[in-house]
Amino acid sequence: MIKVLLFGAAADRAGTRETELPVEAGLTLAELWPLIAERHPDLAPMRDTLAFAVNGEYARGDAGVSPGDEVAVLPPVSGG
Amino acid sequence: MIKVLLFGAAADRAGTRETELPVEAGLTLAELWPLIAERHPDLAPMRDTLAFAVNGEYARGDAGVSPGDEVAVLPPVSGG
Amino acid sequence: MFAIVEESLEVGALIQGALSPDCGAIATFVGTTRIDESEGAAVEYLEYEAYRPMADRKLEEIGAEIERLWDVRHVSILHRLGKVDPGEASVAIVVAAPRRGPAFEASRYAIERIKEVVPIWKREVWSDGYVWVGSQVGTRGLASGKP
Amino acid sequence: MFAIVEESLEVGALIQGALSPDCGAIATFVGTTRIDESEGAAVEYLEYEAYRPMADRKLEEIGAEIERLWDVRHVSILHRLGKVDPGEASVAIVVAAPRRGPAFEASRYAIERIKEVVPIWKREVWSDGYVWVGSQVGTRGLASGKP
């Protein structure tokens, strides 16, 4: 399983702040995204605005994710 | 009479913070300076570093001063 | 000190803690909730959420970047979470340095970096709905379109 | 508020007074007494004097210049007189503005202008004598030469 955390507008669109995806083997973030979007179709239109973190650090689409990892879906940050 | 106020290093050099010069008619700041420097010779070497104010506002050498005016001798300011 | 906190920010105490005989300058930035108005509606309050502990770590990284880039002796950053009313502080940055140039530059750098990299999100709650700042997602008429 | 004061500066209260729902940013600058050291001697304290009321008026003029140059809603400048111990604040500048860019620029402008035009003078009292900053006049070995 991969734990997926959602924040801000992404949590709002998905209707949840946390979900789990039954991923058995390693794959890339880019490969994980369709699984997230399939589970939460309202997220799909946000794709181009989103960043991702794997285990608490920003990661690009070619980053690997494995069972046990924590993936965070990050809309444009707006602190300050 | 013209009242002359001295500040900071200028007061230090002159050994006083205030003096009066018996000026009867109007003259310019540039003409006043030799009278100040004659009264307080230790000020003379500071001349190029000094600014002047007449009645509380910066003034140049060609500014007129008359009996009753307050002239301030201002070393480089160092607030902050 | 780098912290994400629920309670209101005590900026005076933060500055007091930065006073030091080896510094001549303290530059401080405080971000506050501004009441925006449009089309007869107004912002009532802001609400912040963060991805922790990543957000805490990013604040510390900004502090480390500043200490690499400038001669500063003290950096504090506090950021509020939860509801922040109009006129209240949501972020406070305090930088003490021997000289004023680095203090000014570093405090400006800190707020710009916070707005770029720290996973914190702000929801504006208006009298007629809310909107996630930056995503334009929400329940206000203007914001309900696609992001 | 523009004032030249004898007592210590309460920066927290000054910032508190600048909080306003029409502003999103408060930039603050605090100048403090830094212990300088050279040739085995050290600065023990600073002593400030001013030409008043000209100095008070110049502070107000700087405030007016800032309000002409930037969209700011609040400017406070306080400057100490008399003895200021190491680590204490000698000047505090607080600028509140709707946007952070003008707040940062205006606070920097204020301290630069103070150092250019406000008739205030600083005497560094060292363990081995004193020196008038800017004039290099005093009783320390290095400073006793011609200005």
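In order of appearance the chains are A, B, C and D, and numbering begins at 1 in each one.
Note that a residue touches a chain if its C-beta (ideal position, glycine included) is under 8 Å from a C-beta of that chain, and two chains touch if they have at least 3 such contacts.
Here the structure is a predicted model, which is why all the values come from computation and not from measurement.
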*Maximum centroid distance from subunit D, chain identifier (CA atoms)*: A
_Suppose each chain is reduced to the average of its Cα coordinates; what separation in Å results between subunit A and subunit C?_
25
*Starting from the mean Cα coordinates of subunit A and subunit D, work out the distance between those two points in Å.*
50
*In whole angstrom, how far does the Cα centroid of subunit A sit from the Cα centroid of subunit B?*
73
*asked:* Quick check on subunit B: which residues sit in contact with 2+ other chains?
replied: none
*When you check subunit C against every other chain, which residues touch at least two of them?*
31, 111
_Interchain pairs in contact, sorted by label_ = A-C, B-D, C-D
*Please give the residue numbers of subunit B that touch subunit D in the complex, ascending.*
5, 7-10, 12-13, 45-46, 49, 53, 56-58, 72, 74-80
*asked:* Which stretch or stretches of subunit D touch subunit C in the complex?
replied: 10-13, 15-16, 19-35, 86-89, 96, 98, 100, 103-104, 107-108, 111
*Within their complex, state which residues of subunit C touch subunit A.*
31, 48-51, 53-55, 57, 79, 90-91, 111, 114-123, 132-135, 137-138, 146-147
